[in-house]
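Should a chain be cited, it is by its letter among A, B, C and D, assigned in written order, with residues numbered from 1 in that chain.
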């Protein structure tokens, strides 16, 4: 049980654990599709001094002794979502993996794929700082889409062989066609990308083996809750992952939230993720 | 080891078992996408007195003592393909399952879903004889697409709740959109349908939870080979399945192959599957 | 949400769904090993007019319209536990399965194995009525341990080939050695038996392939909770399972509980499971 | 297809890929329990200038361009077996893992567990050089059995919480009891240890939750064959693993085989694995 005064992390996804969806194995969809994702969609107040978290003991994670709260913030959504890309595509030891998109989620997908045992990792992106972090996180090849269709570039580099897994962490509805062309029969595409536009995601019939290729298509919202967060936090504590590399800008004070949001909107070349430290109380925060 | 004179079944899929694809777990794609499916695509002679089967000991299955060869023929493709729909959609105990299409493969998908533990089974079809066999195989509700959109009909019958699994064994590229609307978050769509037309399979973005619904999309060619066939044959021997109900017409003699094929092409109301018995040798066949 | 007056089923296992164990995928162990199994171990009052159920909306299952409450009682423990044997041993289409013990749990393991796609099912038992129900539930061979070591009997019947799966639903700590001898490399032993005596379960080193046989050993407490129960109840509603065949004796009134318990203790030849109907209120019960 | 003159790796396990066991998913047991393990048990000649390998195209792996053959030798058995410990225990992102035994196989189990996403890794061993390599491979805590029962030491360090996974890569039949006490309900024990002595492996009944703890017990021979080796080789090529750290001694010439074997038998403090380079032909070897 958590105690008053405990320092905690609030995950992006806070399921209702007794719901039928949670009992069926998808707590992130408790109460309906995507409905465990409360704080971006249905619950208010996360910038406030106090706010309500449902099933607090099950959903708030203890901040490990000595962990920088700024780094811990990278766990709540970026790390867990990026890693879920590797889980959804079921990366196995020695797999070749293509990761499309290396914003903050995609970068954590790179680290997650490496952590799950990938060998060669093709990361698709072009912003210089992101490419550097991608290499630090385990990417072996950086693919710039300015240089031509990414599926053709990757297949050429890979000796004309398709890859074992594709993780989609960027792009749009048309990215899935590239992924289908990239992955081998029996391979898996795992998408954690929010698809904001388009009526349909077109899956190319022939490249998908007239429906019979076993190129499985998975897409899902990250799991959340306390145990997930504490397991990811342990990966930091024991030196296995480095989400602190995502933090490129740090602000202090509630009034800086707007600056930070504008930074994410405008995306100058050097930004990956800004953080805003809000200190309501000397006993909380760092 | 098989011996000369053994009566055998030739599966539709005869993998090259040492191939890299087989080592990766998808023997049906040995040598390339769908390339284990040799006798419909790349190897000739299956109507001949003699023909070559690759890796015969690994790919020919022994006909169990006393089994009618006509019934055994239903295993080679119809039964294994239909059952693979339930495997691809990972039917679990007590799942509600919708099966779209109840031709011979779809009917075996019905029996397969029941065999994997489905509870309520919605079978979509309209031909009278097929509907009767579907009920015999475990379908609890028959949905006729002439009565309106099938997803709306099924959701209404199911108390406005989506189903756990959808098996696609008919329809076309647009069937996947119906399946996505039918299945719950965390559910799985398993397709064994050959998609003959259309550039793309459109997946509706919003119904697919903006990419994050965990409505997984699987599609694949059936496994084949000897062990698969012998396991399915055991299901007949021990009275668990009844593929003999697919056989509506029986012919004798090579010259009747054309009649049988025309029957499949024209599909009169009473046909599910015709069979042609060709006796080259008194020691073979029935 | 349940409403006052709803008729409900109380599962044997009532997890705390937000617990860390539930978040890790084993709600039956919420709060510690076996600790989701509250009503037999730590919570009182199930014979009372009123009693408390933790997380009632998540743990009480609605009795389907028209279902006999006596039959529903067979779901709470016997059916779910028996079926879990098939889940633990991961029965696949066409598998040969040996089921050791055909008391009420073992009988439901027979039906569960059939429901999961087993072909030949060897059921080990000797009481006449149980053997009859086992055959009704899908057993193809009945093995009587009075006739010799069961592993030798089954291997002989199976043409000296080991079986794909073994479900342990009876016997004692020494039963596992028989199971290890019975199962093929790559096969799975799933036990749902309560082991009441003995310091150790001896696994025979050589039969277990000097530790390297991939004869996996699984043992576990059944899952519980509302969704599980409602899925199993659907299997009755749609005619897929028949746990009513377990009920051999029916009593009325609280004062008959002792008679029923003595029946289970003394096990006359004709008993499988007695049921006691207690009517506290005309609006409840049948 | 391999060509004459290709430099290749011979895996310890060379399955018959068409066998029924391979079709069932356990090629390492092709032809019978452990029977894919030919070169240590049933096939001669591996020190010879020429020797026969069954299904050469499927079982010989190409040595990647520029890879030191000495390092490649570490893949054939040590790396693949150690990594199989992590596969058998199904290590997931953020898991705490205890690894019992850090000889060459156990050390690769440490690296494998880290590669599969383990967070805290307890490695049980005492030889100084092995402990150093274990830390290099990702072990966070070294446990010396000279300091008391290893299960008690690890539980204490872990805040009295059991670990998620245990990999057994050393010890004897009694090691499993320690593993059962160490692992949480729902956790998995994966053993890759060759058990040379003892009639039985005793599993402690109470610690195993009277049979109902979901503490699954897996033990198996590593997979082999070409694809497995080439995937592992890619992990070296792309800098993800470092099996070269196992090589502590290097010899040249067939006549040094005995010295190398004696080194493994006597195990001086500084040995992990010796290698013997035999050059039959200038075109082969380094």
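Convention: contacts are C-beta pairs under 8 Å (C-beta built on N, C-alpha and C of every residue); 3 or more make two chains touch, one makes a residue touch a chain.
Owing to the predicted nature of the structure, the values given are computational and were not obtained by experimental measurement.
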For subunit B and subunit D, the contact-path distance works out to 1
In whole angstrom, the CA-centroid distance of subunit A from subunit C equals 40
Whole-Å distance, C-alpha centre of subunit A to that of subunit B, is 37
CA centroids of subunit B and subunit C: separation to the nearest Å works out as 32
Subunit C touches at least 2 other chains through residues 24
Contact graph of the chains (line, ring, star, complete, other): complete
Residue positions on subunit D within touch of subunit C in the complex are 21, 24-26, 28-29, 32-34, 168, 173, 176-177, 184-186, 191-205, 208-221
As the complex stands, subunit A meets subunit C at residues 17-20, 22-24, 27, 55, 57-59, 225-228
Per the touch rule, the subunit D residues reaching subunit A in their complex are 83, 87, 93-96, 112, 114-121, 138, 140, 231-232, 234-235, 237-240
